[in-house]
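As written, the chain order gives the labels A, B and C, with residue 1 at the start of each chain.
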Amino acid sequence: MDKHLTIPDNDKGITAYKIAAITVLIAGLALFPFVITNRFYISLINEMLIYGLLAMSLDVLLGYTGLLSFMHNAYLGISAYVVGLFLIHISPSSLWLALVAGVIFTSVVALPVGWVQVRTGGLAFALLTLAFGMMFHTIVWKWYGLTGGDDGLMGVPNPAITIFGWKIGDSGDPATMYLFTLVIVALCYLLTRRIIRSPFGAVLEAIRENEERAAFIGINVRMYKLFGWMLACMLAGVAGALFILYKGYIGPTTMSAFAGAGVLMMVLLGGLGTLWGPLVGAAIFIYIQDYISTMTEHWEIYLGMVVVLLVLFLPTGFVGLGSYFKRLGKE
Amino acid sequence: MGGALSTSVDITLNSLVLGGVFLIVATGLNIIYGLSRVMNLAHGSLYAIGAYAGYTLTTIGFNYFAAIVIAPVLVAAVGLLLERTIISPMRKRSMVYTLILTYGLMFFLDGLIKQSWGNEPRFVELPAMIKSTIPILGSHYPVFRLVTLFIIAGVMTGLMLFLNKTKIGIILRAASTIPEMVSCLGINMKHVHIGAFVLGCALAGIAGTIAGPLTTIDPLMGHEMLISSFVVIVIGGLGSLRGAVFAALLIGAVQTLAEFFITDLAMVIVYMLMAVILAFMPRGLLGEGRFE
Amino acid sequence: MEAFLCTEDLCRHFGGVTATDCVCINIEHNGLRSIIGPNGAGKTTFINIVTGRIPASSGKVLFQGCDITNKPTHELVKMGICRTFQITSVFKDLSVFENVRIARQARKGGSLKIFSLKKHLREVTEETWNILERLDLQNLAAEPAKNLAYGDQRVLEVAIAMAGTPTILFLDEPTAGMSPAETRHISDLIQGLAEDISIVLVEHDMDLVMSISDAITVLHYGSIIAEGQPDDIRSNELVREAYLGKEE
């Protein structure tokens, strides 16, 4: 092969070894509900997958574009409310239509917000995500007539899961819903992985590395930041649709600043800029949360403390821990 | 009509008081950011700690005015501890990590507040001498709010005198523009960073203590204040004192008016205002902001 | 003849300080123009305005007859106006190859192909290798930019700018902090480039400037005090005064 057509890259891309690992992992997760029929564990893993998708979408923004969003959960929430309202008021049986409506509506909201945010620098961007996130939280919380306010949105119907008119199962059944979530999250992961490795992804990385230089090689920085933001919000929208289908309920706490800190912690736990790291981070986080919140009501203290310790001592997350040990082994 | 006049007097004075509290909190944030490039998201929690400290001091028998002096000192001490243990190691790291760290710190402190004081709202008992109201243009305005207004004016004047007239203050101001020069003069930048952080925390503490009797004290008060002071900083322009004064009064007025007429969505209006201003004036209303 | 790039009464004030004071300059197609002057003469400010890093207070910048004053940077790059920075500005965590490749891609197009792979942009890859070979960086291609020696980072800085296929290239003190050997390497490089494109060089190394420039402009307190061939500048009284102070 002509040397001039190869790209020297430390990332080997997708190797046979990686394909095998991903296949085994997905197959293992797919078999899970047939081996362990305990509903509690099925829904725990389901939640890990949904939050994994949300954490991954935040990683696209934070780890690849270098933009910090404090309340990425807001966009999960918006989509979940829209999908829920669509199923309640418009069409109780159109699963795909509801999902598409959720993602489109989330994008429509995210576009003007993103447009304002990318006009400012990195710090103001982060502060604005917090302000807008809190605004959405307040709206959802106070608009009792539409969202049910504090009580949340209840009585969301369970549409049948169909593919090209062929019914596969009911979204009310935990095992079916779990498999559906697994397929969608896996697809989103593969799609995002591809996008991140595309020429478009390379532009995002250049912006993360050096915004000013990126502008001086001819990149329209604001425009690409907005594209990165939109990609992250649309993925969060997909996560939101899965969330409401699996829970059948959403309340304003899902959109709170505190829940947003949780998503940030998932990304940090797993490791920035790795895509699969945040998926693992979300699994660890959901497990710990489930375990600790039964033992103490002051879960906030521990969450805050772990975030502080992670940033101080393990900023690369568990993925970074792996390469750290590798380096230790070499020396 | 006397009613309309007294209402407008109430609204004007309330706006000034609320704007003043915003101003003190936002100035604290501005000082810390200007001198050490740390955007402290736990600032609102320190404000809440100030309010709770004031509450506890008055319940164990301290005079309200004594509490206003002691509580900020306690908050400043907490600030000193935080700066030495977790903020200073972050100074060389990227801004994103500092933001995430102080965000974690915010929840940690909020959790501690909930554990120590519980979730239920608290009220500060005021001394009898300022409990009364005085008539101003047909309105019966609470005396303590006027006292609060004087305290705010006093704090800001004191701060200005400190920054403009004392040697330490002038060093601090110089350090915010050219840190290299100041460290060349043989001044230890480490001390400047500590000083700025502690001063900022003390301001948050003062604001919290005087805001205690104005509202109910609850664990969420810090979050709301954090966001309001961001709005002030964003609209006024980061690092601009003139901008902060202007923005604090504006936001104080908008929020007071909005709460008077459309209770629930007051904050939404404020956010919208901020978004519109930012969209067209990214460096703040006066164009003096420096976002990096 | 119409100038390739020229400025008309270009000014820039910072508060009360005038960093660029009514500068009118004509830069010809091809050739090497140096801008020199004592520290604080406004050389970098001038480049910053022309390349769109900071807005002008007043005046105009014309490029091939078009008004390009205060245009966004990325549009200027698309017109062929590229620059390097005085303080090395590269993509630190990306490989040397990727540093140049992304610059090539940004200029050539294809950044919106979200489902293809980087290697599918075959021309971009090929041309990146050509640039690396021309600047003798090909052996460092896989190395992250932050691991490079300082001199190599300066060369990479030029490589990134070249990837934008400039028709006019602004070099802001490319030899700052370099050893004599490295300076020679860069100087050969600049001379090679000047055969094809127009180069504007800001530089403190007088030997370098005098030996390679086709024309020199001298700035002092933001204004042009002299302009001409290296020999004219060498013997110019005003320039001597600006650098050495007035002899009493």
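Following the convention adopted for this analysis, a contact is a pair of C-beta atoms (placed from the backbone, for glycine too) under 8 Å apart; a residue touches a chain by one contact, two chains touch by 3 or more.
Owing to the predicted nature of the structure, the values given are computational and were not obtained by experimental measurement.
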- Item | Per Cα centroids, the chain farthest from subunit A | C
- Note on the structure: Per CA centroids, the chain at the heart of the structure shown is A
- Query: Which whole number of Å gives the spacing of the CA centres of subunit A and subunit B?
  - Reply: 34
- Mean-CA-position distance for subunit C and subunit A (Å): 42
- Item | Whole-Å gap between the CA centroids of subunit B and subunit C | 46
- Message: Per the contact definition, I'd like the list of subunit A residues that touch subunit C in the complex.
- Response: 3-10, 13, 194-195, 197-203, 205-206, 209-210, 212-221, 224
- Quick one: which bits of subunit A touch subunit B in the complex? Just the residue numbers, please. 62, 66, 68, 70, 113, 115-116, 119-124, 126-128, 130-132, 134-135, 138-139, 142, 257-258, 261, 264-265, 268, 298-308, 310-312, 315
- Task: In the complex, go through subunit B and note every residue touching subunit A.
- Result: 39, 86, 89-90, 93, 95-97, 99-101, 103-112, 114-115, 223, 227, 230-231, 233-234, 238, 264-265, 267-268, 271-272, 274-275, 278-279, 282, 291-292
- In their shared complex, at which residues does subunit C touch subunit A? 51, 53, 72-74, 77-78, 82-83, 85, 89-95, 97-98, 101-103, 105-107, 110-119, 121-122, 125-126, 129-130, 141-142, 160, 163-164
